[in-house]
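What follows is a group of structures, each given as structure tokens.
In what comes next, subunit A is part of two complexes: it sits with subunit B in the first one and with subunit C in the second one.
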Partner chain A sequence: MKPITLIIAAALAAAPAYAGNSLIPAGRTVQVAKSAMAVTPGSEWNKLGRRPGTNGEIWTLDGDKLNRVTFYGGIAQDTTLFREVDRKNSPLPRFSQTMLLTDVPKLLENSYRVALGSALFTIDQMEPARFGGVDGIRFTYSFVAGNQEVQSKGEARAAIVKGRLYMISYEAPALHFFEKNVAQFRQIADSATF
Partner chain B sequence: MIAPLCRRGAAAVALLAGLACGPAMAADRAALPPYSFAYEPQGVDERGMWMMADEDERILRTSSFVIRDEELNAYVRGVLCRTVGEDRCRNVRVYVMRIPQFNATMYANGMMTVWSGLLLRVQNEAELGAVLGHEFGHFEKRHSLNGFKNKRSVSDVLAWLGMVGPNAGLSASLAGYVYSFSRAQETEADLIGIQYLASSAYPSAAAPKVWSRLMAEQDATAAGRKRKVRHSYAAGFFASHPTEAAREAYLSREAAKYADAGDPGAEAYRKGIAKWLPQLLDDQIKLNDFGGSEYLLDQLAASGGSADVTFARAELYSQRGNPRDYVTAAELYREAIAKGCDRPEARRGLGLALLRTQQSDEGKQALRSYLEFRPDAPDGPMIKSLVGN
Partner chain C sequence: MRKTRLLAAAMACGISLSLLSAPALAQEKTGVKAGFVMPAGGTRIVLMRPSVRVGAQSTGGLFEPNADWTAQARENLDAAIRKAQGQLGHQVTPYEDGTGAADSLSNQYRGLFTSLADSVREFQFFPGNRLPTKKRKDSFEWTIGPEAKNLPGLENADYVLFITTEDHYGSAGRKALQIFAALGGVGITSGVHLGYAGLVDVRTGELVWLNADQQMGGDVRTTEGAEKRVSQLLEGFPGSTIRSASAQ
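Let's turn to the complex of A and B:
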């Protein structure tokens, strides 16, 4: 293949993946996930152009496989946490207003089990925590995505406000990456307001 | 590996006998079934298939999804060996995988994977043996190798056809041949599997039951999702397997022909997987498949379900989360506790269900009981905040 053809092919292949990605500057308050939730990051982050769902947004430092912050901005009654890939055969569980805060980790767990095709998901800890100025929950979890062997860890804060679920989660490989950036995530979660 | 052995070990005998040692020996080896002791793959295609399967096995052995429980693995292997015979199963490596779907796989080199979802769906050793015997049939008949050769031949012909000129009809029928070849292999493996079953102590009548219940589960899943499913005898153009209805039908015919009796080993099976049943149930009810899960729980309850099954049903209703479901869940949690369910989570579930059915005092009491049963509960601080002290 000629070099010019290679360059054009590479540009065409790369364009969709990078389209819409943007830099979130440190210290500026930004609205996230097309919702009333706002955060003020203490360091720079990259916002991905692709969204996990209508009310979702993803930030990362080194790529979302290595460190990923997901914002869930007001998940409404009878909607899923993120987009369903195969609604007919693998529908995702839906948020319900009858849920207590203790049900939120299970909602995330069951959504991941279906979406990642993996039974290797465990909720490790959960405790009450203020989130966005209201009573919420903080929980940690571990998982391995199907067809991958990377042990990942996660931490999330969530609250139910006016019948909608607000949540921020942080996920990274347990080896090195989780500890490396978890403090930056906690700072973002602490800064959340609704 | 064959040539040095021939030169060293058998040279004197060969000379004395005046036989040419080489091609004849190789031909003998090629005629050996792949489960023979120290079998070496023959020819470039089989060697390639085995090399790739060896690499897959090296990766799989360290996978987080492999259930490393010697007792469970030995049990599943025992069922395979009792089905196909000790001489055949000796070289097979069985890996039980934590994957909650109905499946088992066989690789060209004698590696077998058994998915945890299969263990939840079969009701006795004979049914498990039917599926494992089917998989072993693929190995014995070298289906991976023959399937690969078939695909290669078809793609060769398609490439030549492309040079001659486009012929959509012929190309489509050749592509269809690949899938029909695959379906024929599956049918052959089914028939070998039931033959093993008939030759074993297990009754061959168990084989079709696996498929009839799988269809019923598919119906229940579809109904739970407000869909309909049609069971057809004719497979689709791109189907790699015959339909469940067809398999159930021809396996029933075969079983009627064998008309063999035997103990299917239901009680032994329940004991064999008892330790893992809570985990298998937990993985199933988290699949967001209310209809299918309820069907499976009904089946397990009908065959002498334990407190674990009742607890799983309570969790299933609690997860669906309609207001009426919490009333049902609370009753089921109570029933599970009364049956002797010693999981602290039963009290947790009961408490959370009661809180949502306006029975706050009783709910808090159940949650306190949970915290007493499990003072180090990972969700202890969260539950304490609900109890209010």
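Let's turn to the complex of A and C:
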């Protein structure tokens, strides 16, 4: 990479995205992640101004390290779940239309191992579950992000519709925060439509 | 010609970024829960073992841990905290880390405190980045949860004091990039010197006081630097007599 390009890239990477957190009101149906997916939350949430990728959106109550709902809105063939961190040296795995629903937890795991430097990631449970009115999968997982000491838990629902992957995940520290808000996440996931 | 255009783009980019981010970057560094007053005399505070990470920052900005620096910094910070402890104005007892599950749990709480403080810094101390549901309340409401009182060793404590430091010392390459970028009008930081000190009410798990800054002073790899860092971390501690780092 040329030095001048490196400067621009580094400056953009270093520039914090501090604008645009918005309120998601309770009881209103909203489209998420610039996609056909819509949900109706039963309680208020905050939508972060920064996005994990083109087809992603993050909601939180106390900050995304304490409780985080991530919407993946129609991940297309040969694209990643979220933005590449270091495409040249550590490329993220890509979604393929040939994947089965049971491959989706592994796709998330492998993406996290690269993006978060997460050596500790375990899929705890997976089972068939309806999601957005179609056959999907529900799975739970545990992980420790590479630069953190805290053990986090996650739960996700996913479905593949017309060759695109739709998924909603919830993640929070195992201590206090996961249990505090998991019911609110499940309500959101239950309300999803495509 | 092409290089000139790229340089112009870099300069425009830098100027735009600095203008756009200026108001949002007005950062607060201390927060206190509304109505919190430290009870006078006899307050029992348990000091958790500080979470310390020290390393280098690569040219690309990645953190590269350094075990020797971390060990040296831990030793220096522990000594500086012992020295400052008497000025906190309360009965302060170091937390005695257990073994096995108890040790793992105390590590988890240290990590949880760091995540909590990260959130306060990002979503409370930068007023332009507040979360709408918290902004409306216009208050300082953060917690690690009431379950914290079950941590072995906190049975007789009123408050628990957490400290986190993380230092990324800019490598030669990073510093060179910073200078080169500045010539192009682009602002790039070299080094991260993050410090958090937070007081948690053991009975409720609520964070009642926090100092947090991503660019703290003091080189923690030296005795004097660690003392400066600790005085900055504990500046304004409720009921203390510690002089501010800036006054030293």
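Just so it is clear, the second predicted complex is superposed on the first by the 176 of 194 C-alpha atoms of A that agree within 3 Å, B and C clash if a C-alpha of one lies under 4 Å from a C-alpha of the other, contacts with A are read in each partner's own complex, and residues count from 1 in each chain.
The working rule: a contact is a pair of C-beta atoms (placed from the backbone, for glycine too) under 8 Å apart; a residue touches a chain by one contact, two chains touch by 3 or more.
What you see is a predicted model; the values in this text were computed from it and never measured.
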Count the residues of subunit A touched by subunit B and by subunit C, then name the partner with the higher count.
C
For A:T98 in the superposed arrangement: first (subunit B), second (subunit C), both or neither?
first
Regarding the shared-chain residue A:Q125, is it in contact with subunit B (first), subunit C (second), both, or neither?
first
With the two structures laid over each other on chain A, which partner does A:L61 touch: subunit B (first), subunit C (second), both, or neither?
second
Determine, under the contact definition given at the top, whether A:H176 touches first (subunit B), second (subunit C), both, or neither.
second
Thinking of the overlay built on chain A, is A:E149 touched by subunit B (first), by subunit C (second), by both, or by neither?
both
Would you mind listing the overlap between the subunit B footprint and the subunit C footprint on subunit A?
149, 151
Under the definition above, what is the set of subunit C residues touching subunit A in their complex?
3, 6-7, 9-10, 13-14, 17, 21, 24-25, 51, 60-61, 63, 107-112, 114-116, 118-120, 122-123, 126, 128-134, 142-145, 147-148, 177, 180-181, 184, 186-189, 205
In the complex, subunit B residues that touch subunit A:
62-65, 98-100, 116, 225, 227, 283, 286-288, 319, 321-323, 326, 352, 355-356, 378-379, 381-383, 385-386
For a test of understanding, state which residues of subunit A touch subunit B in their complex under the given definition.
88, 90-93, 96, 98-103, 106, 109-110, 113-114, 118-120, 123-128, 137, 144, 149, 151
Within the complex, which stretch of subunit A touches subunit C?
2-8, 10-16, 18-19, 21-23, 44-46, 49, 60-63, 65-66, 147-151, 173-177, 180
